[in-house]
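Two complexes follow with subunit A in common, the first pairing it with subunit B and the second with subunit C.
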Partner chain A sequence: MAQIFGKSSSSIARVSLVSGFFGFFVFWGVVYMIYWSSWTTAKGVPREQEVPFSHQHHVSGLGIDCRYCHTSVEKSSFAGIPPTETCMTCHSHVWTDAPMLAPERQSLATQQPLNWKRVNDLPDFVFFNHSIHVQKGIGCSTCHGPVNLMPLTWKAHSLYMRWCLDCHEAPEKQIRPRDQIYNMEWQPPPDQRERGLQLLKDYHISQQRLNQLRDCSMCHR
Partner chain B sequence: MNRAEDRNIRIPFGNCPKVYRAINRWAIFGCPFGTPVNRSRSSILFAVLALATMLVGCRRDMFQQPYSKPLEPNDFFQDNHMASRPLVANTVARGHLNADQAFYTGKVGTNLVETFPFPITREVLEQGRERFDIYCSPCHGRTGEGNGMIVQRGYPPPPSYHIDRLRQAPVGHFYDVITQGYGIMYSYAQRVEPADRWAIAAYIRVLQKSREAKLAELPPAERAKLEEQK
Partner chain C sequence: METIQGSEPQLRVPGKPYVVTPLDYPAVLIAAKDYQQVSDQIADIPLVHPRKREWLAGFSIACLLLLMFMVAVGYLLYRGVGIWGINIPVAWGFAITNFVWWIGIGHAGTFISAILLLLLQKWRTTINRFTEAMTLFAVICAGMFPLLHLGRPWVFYWLLPYPDTMALWPQFRSPLVWDVFAVSTYFTVSLLFWYLGIVPDLATVRDKARTKWRRIFYGLGALGWRGSAVHWQNHQSAYLLLAGLATPLVLSVHSVVSFDFAVAQLPGWHSTIFPPYFVAGAIYSGFAMVLNLVIPIRRLYGFQNLITERTLNNMACVMLATGWMVTYGYIMEAFMAWYSGEPFDRAMMWDRAFGAYGWVFWLLMTVNVFIPQLLWSRWVRTHPVPLFFVALSVNVGMWLERFVIVVQSLHHDFVPSSWRMYFPTKWDWMTLFGSIGLFLTLLFLFIRYLPMISISESRELIAQRKEGRL
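The block that comes next holds the complex of A and B.
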């Protein structure tokens, strides 16, 4: 009877076995890279806006505090994007004719709020609250990066669930004293671990509470 | 070697090319799509089917749910197409009854009040300093001289807090200016809560005092420190 499998078939089988094995990892590796790339997460990509508002100019240049504009960040879940009146407290008398502020003036005249495009936007099935993070020693720059250096605002982290959990599993790595929350230059000091554990105690975050921070229902309510 | 014979007799999927037959040794699927002739078409079909199965789960309903978050656009409301609602006429928002006139307006009748509506402690002053530095110092400067950063960039300079008129002004005046605005200065009522406005007014008094404080008025410990430095 004739040979069913030709001479080449065993090497073909070997090659396909091996490439199948590696192909599996290459495939999922590529998927993983795409999933975490800034192409998918928009991390690090400056967002164009109707009015080219620059944090670099207003925060580093003029020294305005975050809360002058993001008023509710300490007290509510929502940090808030400033209404047109807030800009106008200054721009009624500085840079009054600048063409790049034309949409601002129109918004004030028509009482229609400006349509700022969201930079950080969690899916609606996630519950997030600014005030608790700010009260418990997590600074703006830990989550939003060096906002004071951004000519146009970009996202500093993926905001994926893994990212939230990385901190919820070990907040002592990032937690800081309350008077450093708005310090955009803050970096964890070399002895952050001891300080962090001490701060957890000071803020009354118990081990039991830390375990709860990983419960699905904490963020998916 | 006779393919037809192979196919007929014992090879499952024998009409596949060699590669498939080799794979047949160990693969479970082999060549599932019939003859090589329409293979390309059938693999397209397979790919389309596979993609379609994946896409079944791809609706974004859970990412954009039909409830409203602050400041979100919302077409349900036809007047401003926003989720944020203006206050209905003749109603009072919860917690905004503001019955205590002196506390909420800084006035009794039309007269500005002369005294603070609650005791001023060190905490209140610290709070006042923090709020002043956030909301007022860009224009009035950290010391209240009216030379803040925005003024240096061309904003019309406000008066210094250390002029006689403002030294003698009742505290209610400062509260009233924050609440109502003054001249070209906008109101800060949206951003600064009533209690914080009083705290700021108290801190302005501290700034004013700091210019004319006498050595004799200091507590002995502070005084000793200063005298050492002399």
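The block that comes next holds the complex of A and C.
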């Protein structure tokens, strides 16, 4: 009977072995890249809104403080999305006829809130609290990035748990003085480590507290 | 004079053979006529498929059980582990009982193929392929249970250390993580060992096959084996090396499984005798399962000339020895509970024998300690039917042993207010018997499509017989 496997079979077998070995790493490398790409995380992707609100214009251009709209950031888990009335404190006087703001006026007339889409949305099994972060020296820009430069708002970070833990394992790298919390331009100074450790003391964050920051139940209750 | 000690080492006085007192046990290791007969007899089963009706009947029953397993697992994935009888404190229930039972059964394969190979035990030759396959299928069944008993089985891969998005890392101080590595290493090495052994036989089947697709199927598996001296040289080196690698695994895997219990503080678990006691129990139940499978198959396919009464006798002897090691474990558990003077240990031991699960304990003693004493009788060891039932009794007994360790210890811990009974639900039973279906389905496919006895090694035995070295 004729040979079933021709001369090329040996080469095919060897190539399959080698490519199977490398293929394993290539496959998982691709999976890894997909998981970390902005296609999955939406990091850096501007989110469309009914009204194309520009933080860049309102913060950098006009100098409005974060807390003017996000009123509950210092005392609540939720920073707060402003109601239409907050917008109307100015926009009942300026740009009253702008077509861009038509949904805003509609909302005020019908008393139906605007449907803002969340940009930074954590899963429901994560108990995140804005007030404790703000009180203990974590500034807005640490997590939200340079919001003052965003014409439309986007996520500055993946919000993956690994990213949360980067800071929870070593908060001294990010912690800042209380008067710098709302400073969007704040960058860690060269001696951040020493300053951070001192700030941890000032904020009464003991070693025991630091250890608790890595407990599952700290965020997953 | 001809001795009947077979391959056992013989002391020699220069000039004349050492006279060995005949032990009067079966002398024939292999009764096949010649090479040709061995090749035909074994290779014809995948090619010609004799006893089609019996195979189909068995396979259908296995498939039905497998279907039941799928229903049970499907409902488990839909509803969660609440469908089982588990509770707090008995959080482990049947799932871990079955896991330890199956992984124990999976121990005979490597014991026979690696340790007995290194010890030059030639009687392993005709059963090693079969038991290695049994090992693989048992480990597959075993591996499913720890995953199924997770609250969310679909994220089982969190058990592995890999750069995930959550910065989760397995707790390497936990024996449960050691389990993951022990079992997966064991499966990998067993698979390699089994496959390496089957390559020359696949070439034999390929050469005997007459249809194109069969030649392609077996040809792919044979990896271009031509039986040249170089092939054999490499094959034998690799086989011996793998045997050396697999030998520590026989001891390590079930030791690690026993750490799941021994590392915990619970009375009935926290015991230093557990690793050797578990390994002995594993080999005990493994040999029992081999006998339960080999005896019917030997009869069905007429393999009495390959798997001789001597092989059965030797397996029964291994069972008798390991059975006594396990019995020693039982005695030591009770003795240490008393000798320690620990009230909790004593209370646990008392509850084990005379508490709510006392009847399981005495049933265990009966089927695992008392009935196997029949193996002292040569008649039982060499007669397939009584041997089959003793092996069956051991298999049931080893399952009961794991049930007693897992459930009875958990249900009776330190605080009386947390004592609680465990009652298996129908889903527990369906998963247990369903996993037997999965095991049997794989086994039936194996005996249908692959040479279930090593052709090349059996021919080697015949060669040795011809040279008078057997």
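Definition applied: the second predicted complex is superposed on the first by the 207 of 221 C-alpha atoms of A that agree within 3 Å, B and C clash if a C-alpha of one lies under 4 Å from a C-alpha of the other, contacts with A are read in each partner's own complex, and residues count from 1 in each chain.
By our rule, a contact is a pair of C-beta atoms (placed from the backbone, for glycine too) under 8 Å apart; a residue touches a chain by one contact, two chains touch by 3 or more.
Worth saying up front: this structure is predicted, and the values here are computed from it rather than measured.
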- subunit B versus subunit C as contact partner of A:W186, first or second or both or neither: neither
- Message: Let me test your reading of the model: by the given contact rule, A:Y203 touches which partner, first (subunit B), second (subunit C), both or neither?
- Response: neither
- Message: Looking at A:T71, would you say it contacts subunit B, subunit C, both, or neither? Reply first, second, both or neither.
- Response: first
- Touching A:F5, do we find subunit B (first), subunit C (second), both, or neither? both
- Give one of first, second, both or neither to describe whether A:Y32 is in contact with subunit B, with subunit C, with both, or with none. second
- Where does A:L62 make contact in the superposed view: on subunit B (first), on subunit C (second), on both, or on neither? first
- Message: Going by the contact rule set out at the top, does A:P123 touch subunit B (first), subunit C (second), both, or neither?
- Response: first
- Message: Taking the superposition on A as described, I'd like to know which of subunit B and subunit C A:M161 touches: first, second, both or neither.
- Response: second
- Message: Tell me which partner touches more residues of subunit A in the superposed arrangement, subunit B or subunit C.
- Response: B
- Task: Once the structures are superposed on A, label A:E85 by its partner contacts, choosing first (subunit B), second (subunit C), both or neither.
- Result: first
- Query: Which parts of subunit A are in contact with subunit B and also with subunit C?
  - Reply: 4-5, 9-10, 13
- Interfacial residue positions of subunit A with respect to subunit C in the complex: 1, 4-5, 9-10, 13, 32, 35-36, 158, 160-162, 165-166
- Message: So in the complex, the part of subunit A that touches subunit B is made up of which residues?
- Response: 2-6, 8-10, 12-13, 16-17, 62-65, 67-68, 71, 78, 80-81, 83, 85-86, 88-90, 92-94, 112-113, 115, 123-125
- Message: Per the contact definition, I'd like the list of subunit B residues that touch subunit A in the complex.
- Response: 1-2, 5-6, 10-11, 18-19, 21-23, 25-26, 62-65, 67, 69-71, 73, 80, 82, 133-135, 138, 149-150, 153-156, 184-186, 188, 190-191
- Message: Can you tell me which positions in subunit C touch subunit A when the two form their complex?
- Response: 163-168, 212, 215-216, 219, 223-224
